[in-house]
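Both of the next two complexes hold subunit A, though its partner changes from subunit B to subunit C.
What follows is the complex of A and B.
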C-alpha cells in the first residue's frame, strides 16, 4: 500500500494513445509534467491508423480525413517537424450524382452556384444567402467550440495557463435567439425551407448526422451541421490528408509527445483505476502492474471510464444512471478497397477525385437508411463518404493502382439478427459495391481486395469504446454543458484527480485535437471537480 | 332559428368544436355546428379524455352528468409477467416493488420530475441558445430544457432499471406521434397532459368518466339545452365563401348557405386552401401543418374476456390499458418500420376492453386494439381492403401469442383506422407534404399549448396540441376567436 502524497514516477497517467490522449499528454509534458500514456493496443493513434488492404495498398484504417485541426495544437506541437506532411489541404465536398451532374461544395461561391444551376436556378440563387447565413452562425459558435462549455474561459485556465494568449474569440458567446430556434430543428427541415434540389440537401444533411444514430429529420441535427461549420471556420488548412494516411498523423503526434518527454507504453490495457480516500491514485494494468500518479486523464468516454474502470462504487446512484444513459454506440462502418486502376465517375473531373465524395442523393435516402438501422439492419443502398487518397499520395499504392476508403451509413454495431458473420459482412460489402456501381460502373471490376470494419470491429481494434466516431452521439442532450452529462462537462469528474480528454467531451469527436487541448488546460488549472 | 342571423359557424362536431360551440352558446350567441359524419360517435368509444378543469367548470358540464374519474390502470405484459401501474401511487409502488424494488422507490421522484418540467415557465429560449450560453454550467440545472433536448429513453434510463416499466411509460408517451422513444427531444412527450393527469390529478387536468364518448354526449346534451345552438350532422362543407378578404359564409354540399361573421374550424389547416373561395390570394403556405399520426384502431368483439397473464378479469373490466410486451427497443424497431412505410412484424399493441349488451340481450366485450406507428400510406399504396385485413390479422396474431385462442373467439371485427373510404393521405399527398408536415409525421411535435389562429379574417382555425388537454383549444377559440394567435397555457 502506497501513501497518498508519496513521490510517484509520474505526475499524470493518460489512458489511451489516440489523438486526444496524445495531444493532452504532449501539452502537459510541455508544461513540465511527467506524463505516461498507456495504450491497450500495440500502437498509438486510436481511430487514426493506416494498414494494408492487400500487399502494396495502404489506406487509413478508420478515420480517413484529418481535421479541422485546432490551430493552437498545430502551433504548440510543431507537427511538421515531426514528419507530418500534407498531400492535400482544404479538401472539399463533391455531392455525386448518378447522372454526372455533381455539385461542388468547395467554399467557392462560383463553383457551387455553377454546379447547382444544372439542377435548379432557384437553388443557385438561394445558395449565396444560405452560405452567408451559415457563416454567420458558425461565427457565433466559433468561440464556443474552442472553449469549455458554460462559464468563462478564464476560469478553466486560471492558475497556470498553457498559452499566454486567449483563444481567438471573435463573436459572442451564445447563439442569438433566431439562430437558436432554427438550429433546434432538424437539418432536413432547415434545408427543405431553402432548397429544392434533393442532391444538395442530401449532401448538407449528411453533415448534420455523421456518426450519430439519428435521422436527418431528427431535432437538433441542424445544430450539429452548424457546429461542424464552426470547427472548420477556424482551421487554416481545413480538412487535410497526411502523407501516409491517418497512421502517419498519429506517428507525428507520438513523436511530438515523446519529444516533449512523454513516456508511451504500448500493449498496456488498463483494467481499473486505483483509488485511495476517494481520489484516484493511478491505474492497474492487465498483468497486474500498477502505475501511480496523482492525476489520471482518460481518453475513453465517461461511461467507459467511470463505469468500465471500477469507479462505479464511488458514484451516487443517480449519477451512475445518468452516465449509463450516455449514447455512444457506433453506427458507421468503414470499407477499404484496393483498386487495380483509377476508377472513373460519370461526369466527374479528375481533379475532383481528391475531394471528399459523398453518395447521399437526398434527405429521404438518408432517412430510409436510418429506418433500416432502427430495425437492426442496413440499407441495401447505404450513404457513403468516399476518399481516394492515392490520387494525391503516391506512398499508398503501387504506381497506377489505387485505394478507396468509404464510410458507410448506417450500420448497426450488433444487427437484430445476431452478431456480424462473414456472410453478413459480405452482404454489406456487396451493398457498398452495388451503390458504387451506380456512380462508377467500372469500379467493382477493379477491386483487388476489400476490408470491412463494422462498429464492433472499430471497438475491438482499439478505435473507440462503442466504435463510435465521436465517442458518443452528437445530439442536443449530449453537447456543450450536457457532454457527457450536466455537471461533468468541464473535463473533470466527481472523482478527485480523474479527468476526461476524449472525443466524448466538448465539443465533439472528429480529428481536431481540441478536446485534448482543453482537457490539458483544465488539468493544469486544477479545474473544479465538477462544474 | 333563422339561418341568416347566425353569430358563428363551427365546423366539426369533435370535442373541440363542441366545446367552442357550447362556450359561444353560453355567451348567448347564435351558433351552428356542421359535421360531415352522422350522429353515431365515430372514434369516440374506447378513447380517454383528459379535460381541463377550467373547461368543465366554464361550461358546467357537471350539470350534464359529466364526472371526473381516476386515470385508468396501465398494465404491461412481458412473457408470463404483468406489471400493473395503478392510478394510486402507493399501489403502483407496491406492484413495482415485487419486480424492481429500487424502481418502486424511484417512482415518486420521477413523477415529481415530470411535474416540475411540465410546469416550468414556458420560456421562449431555444435549446441551442441555452446550450451555448456562457452561464449555463454555472446556473442551476434547467431540467425542463433537458426534457426538450433529450430522449424518452434517456429520461427513463436515468429513472428506472426495469425494462418493462420503462416500456410502459415510453409507449404511453409516443402514442399519437411519429416520434421514436430514442429520438432527441422526445423527452418532452412526458409532459403531455394525458400523462400528467394520471400522476398529478390536482394540476388542472382530469380524466373524464366514460372517456371521449361520454364527454361528447354531455356536450351534445348541453347544446340541445341552448335554443340558440344547433348541430347539423351529415353536413359536408363545400365552400368557405369570402368577400372583401373576409370569410362571410359556409356553404354546404346540399347548397345551404350559413352566413356568419365568425367561422371556427377544426379541419386540418391544409383543407382550407381547397375550400376557400373569393379570396384574392390564398392563405400563406407556412401555416400548413401536418396531422397527428393516428394509431391504427381495430375493434374486435368477443364473448368473454381473454385470460391474460398476471391480470385478473376485474382489472380488465375496469377499462385498464394493457400494453403487450412494451419495450423501448421494440418501439424503436417498430418506428424504423414506420419510417420505411411498412408495419413492424412485432407491433407494440395496446388493448382495452369494454362491455355492452347486444340487441338480442347478450353481453359482449369489445377489445379496442390500438397500434402506434402506422404509416399514412404503405410502400404498396394506401390502406385498402387486403392491406387492412393484413393489419387486422397482425393484431390478432400478436394478441394470440399472449392469450392463446383469442383469435378463434372473435365474433366481429371492425377496422376503424386506417380508413378505406377516406385515405388519410394518398401517396401524392404525402409527396406534396411541406417540410413542416414531414417533421410532424416523423419527428417530435413541438411542446406547446393549444392555440387558435386567424387564418383569414373571419376564419379561426383551432390548433389543439398533443400536450394540452381536451377542450383547451375549443374554449380558447370561443373566448378569443377574433384575436389572432392568442395562446393559453396548457395547464391553465
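What follows is the complex of A and C.
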C-alpha cells in the first residue's frame, strides 16, 4: 500500500492521449507540472489517425477535417515546429446537387449569392442579411466558447443580457432576441422561415446536427449551428487539412507534448481510479501497475470516467442517475475509399473537389435518415460529408489515384437487428455507394478498396467511449453550464483532484483543442467543482 | 400481475378485514393503496384511541429491502443515520437528501440482520435510490405490498399485545418475536410518531395477526381507527408528514417547500458525509420553523400573517375532538415562532386568530 502523503513521480495523470488529452498535458507541462499521459491504444491521437485503406492509399481513419483549431493552442504548442503543415486551409462547404446545381458556401457573398440565384432569387437576396446576422451571433458567442461556462449564461438567467460585451444596449437587446430564437427553435424552423431552397436548407441544417442523435427539427439545433459558426469564426485558418491526414496532426501534438516534458505511456489502459478519503490519488492500469498523482485529468466523457472507472461510490447519489442519462452514443459512421482516379461530380468544378462536399439535399432528407436511425437502422440514402484529401495532399495516394473519406449520417451503434455483421456492413457501404452514384456516376467503378467504421468501431478502435465524435450529443440539455451536466461544467468533478478535459466538456467536440486548453487552465487555477 | 410501482390504487394486505369494519365506506388513498378514512365516526374512533385501544391499517407505505455486504455503508451515505450503529432488531427514524442537501424522504429504517435492512416510508423514491446503489455491493428489493403493518394505539395497547401473546420476555419495540400461536414472525416496531406500536408481518400473515388482536381485544374495547382519526391525532401530536407539511425535494414545485434536515429537527453528526451533507450544512438565508397552531374555528391551508405581513404557510389542519379546537401545523419565519404569538390564519369564511402553541422541533 502506498505511503499516504508520500511524494509522487507525477503531478498530473492524463487519461487518454487524444487531441484534448495531449493539449491539456502539454499545457500543464509547459506550466512546470510533471505530467504523464496514459493511453489505452498503441498510439496517441484518439479519433485522429491516418491509416491505409489499401496499400498506397492512406486516409484519415476517423475524423477527417481538423479545426477550427484553437488559436491559443496552435500558438502555445508551436505545432508547426513539430511538423504540422496544412495542405488546405479555410476549407469551404459545397452543397452537392444531383442535377449539378451546387451551392458554394465559402464565405464569399458573391459566390454564394451567384450559386443561390440558380435556385431562387428570393434566397439569393435573403442570404446576405442572414449571413450577417449569424456572423454577429457567432461573434458574440466566440467569447462564450472560449471560456468556462457560467458567466454569460448566469447573467442571462438573472435577467441580464447574455452578451456582456455588447456594443450598445440596443444592439445587445436585439442580439438577445436573436439568441432567444436560436434557443427556442430548431435549425429546420429557422431555415424554413428564411429560405425556400431545399438544398441550401439541408446543407445548413447538417451543421445543426454535427454528429448528435437529433433531428433537424429538434429544439436547440439552431443554437448548435451558431456554436459551430462561432468556433469557425475564432480560427484564423478555419477548417484545415494537415499534410498526412489527421494522424499527422496527432503526431505533431504528441511531439509538442513530449517536448514540453510530458511522459507518454502507450498500451496503458486505465481500469480504475484510485482514491484515498474520497479524493483521487491516481490510476490503476490493466497490468496491475498504479500511477500516483494528486491530479487526474480524464479525456474520456463524464459517464465513462465516473461510472466506468469505479468512482461511483464517491459520487453524490443523484449524480449517478443524471450520469446514466448522459447521451454519448455515436450515430455517425465513416467510410474510406481508395479510388483508381479522381471522380467527377456532375457540374462541379474540379477546384471544388478539395472542399467539404455535403450530400444532404433537404431538411426532410436528413429527417428521414434520422427516422431510420430511430428505428435502429440506416437510411438507404444517407446524408454524407465527403472530403477527397488526395486532391491537395499528394502524400496520401500514389500519383493519379485518390482517397475519399465520408461521414455517414445516421448510423446506429447497435442496429435493432443485432450487432453489426459483415453483411450489414456491406449493405451500408452499398447504400453509400448508391448515394454517391447519384452525384458522381463514375465513382463506384473507381473503388479499389473500402473501409467502414461503424460507431461501435469508432469506440473500439478510436478509443472514444460511446463512439461519439463529440463526446456526447450537442443538445441544449448537454451544452454550456449543462455540459456534461450541471455542477461539472467547469472541468472539475465532485471528486477532489479529478478533472475532465475531453470532447464531452464545454464547449463541444470536434478537433479544436479548446477543451484541453480550458481544462488545463482550470487545473492550474484549482477549478471550483461547481458551476 | 399488477405493477405495484404504478399509480394504480391497490388494496392493502388487510383490506378484507378493514372493509368489513368500514361501516361508513369512506376510503382514502395513501401511497398507492386504499385505506379506510373513517370506520365509524370521528368522535367514536377518537374516544377509543384516547381511552382504550385501536387497530389501524398502516400497510399503505413503500417498503424497500436493502441487502448485501455494503448495506450499512450504503445506508450511511444515503441517509442521515449512521446505519452501522443500528443494531439488528433496532429501528431509527431517518431522512435522505438530494445532492443539494434538501430532504427527499423520511422513513423508518429497521435492521433485521447485519446485512439486511428495511426502509419503510410514505415517499415514493425507489427508482432514484436504485440508481444510487451503483458502486456498492448491495441489492434493493421493492417489497411494497408484501408487508402488513398494524398500528396499535391507545392506553390499553400493551395490554392488548399481552392478551394476544405478543409481549412478554424479550418482546420490546424494535424486536422481532415469533408468537407461539402461529409460526410467523411479527416484528414490533416503535412507530414514526413514537406514541404507538407497529406490528410488521408478511402480507399473508396480516389477517391472522389482525384477527388475533381483534379477538384478544374484545374485552379491552378495541376499535378500528381510520386515516382521518390518525391524521387528526398526528396534527394534535405535532408530527410533520412528508408531501403534506414539507415537500420531498424531487416533488416540490415551490423551492420554499423543500426542507433541510435541520429544519425537520435532525441534527446529524457534522463529521458524517451523508449525501448532500455539505450543502445541507449551508444554512438557509431565512430558515423557517414548523409550529403548531390552535384556533377556535376550523382552519384551512394557506398563508398566515403576523403584523399584517405574510409570516408563513399553514400546511395541515384538523379538528381536535379532545381539545375542542382546530389544530394546525405551519411553517413560519423564525422571528415569529414564539409560543403565544397570535397570527391570522384562513378559515372557510375569512380569517381568524390562531395562537402558536408549540414549536414542533424545539429542543427539549
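As a convention for this text, the second predicted complex is superposed on the first by the 498 of 531 C-alpha atoms of A that agree within 3 Å, B and C clash if a C-alpha of one lies under 4 Å from a C-alpha of the other, contacts with A are read in each partner's own complex, and residues count from 1 in each chain.
Everything that follows uses one rule, which is that a residue touches a chain if its C-beta (ideal position, glycine included) is under 8 Å from a C-beta of that chain, and two chains touch if they have at least 3 such contacts.
Quick caveat, the model's predicted, so the values are computed rather than measured.
In the model built by aligning both structures on subunit A, subunit B clashes with subunit C. Residue contacts after overlaying the shared chain place A:371 against subunit B, while subunit C stays out of touching range. With both structures placed on the common chain, the touch criterion links A:74 to neither subunit B nor subunit C. After overlaying the two complexes on the shared chain, residue contacts for A:31 are found with neither subunit B nor subunit C. When the shared chain is aligned, subunit C comes close enough to touch A:278, but subunit B does not.
Once the two complexes are laid over each other on the shared chain, residue contacts for A:188 go to subunit B alone; subunit C is not touched. Within the superposed three-chain model, A:213 lies in touch with subunit B and out of touch with subunit C [touch as defined at top]. Once the two complexes are laid over each other on the shared chain, residue contacts for A:312 go to subunit C alone; subunit B is not touched. Touching more residues of subunit A than its counterpart among subunit B and subunit C is B.
Contact with subunit B, but none with subunit C, is seen for A:482 once the two complexes are overlaid on the shared chain.
With both structures placed on the common chain, the touch criterion links A:118 to neither subunit B nor subunit C.
Subunit B runs into subunit C after superposition on chain A, and of the options 27-35, 153-161 or 351-359 the stretch responsible is 27-35.
Once the two complexes are overlaid on chain A, the subunit A residues touched by subunit B in the first and by subunit C in the second are 317-318, 321, 324, 487. Residue ranges of subunit C in contact with subunit A, taken from their complex: 77-78, 98-99, 128-129, 131-132, 134-136, 273, 275-276. Those residues of subunit A lying in contact with subunit B across their complex are 140-141, 144, 149-152, 173-177, 179-181, 183-186, 188-189, 192-193, 213-215, 217-220, 223, 317-318, 321-322, 324-325, 327, 367-368, 370-376, 416, 475-477, 479-482, 486-487, 489-490, 531. Contacts from subunit A toward subunit C in the complex involve residues 278, 307, 310-321, 324, 487.
The touching residues of subunit B, when paired with subunit A in their complex, are 102, 124-138, 141, 146, 149-151, 153-154, 157-159, 180, 182-185, 187, 332-333, 335-340, 344, 434-436, 438-439, 442-444.
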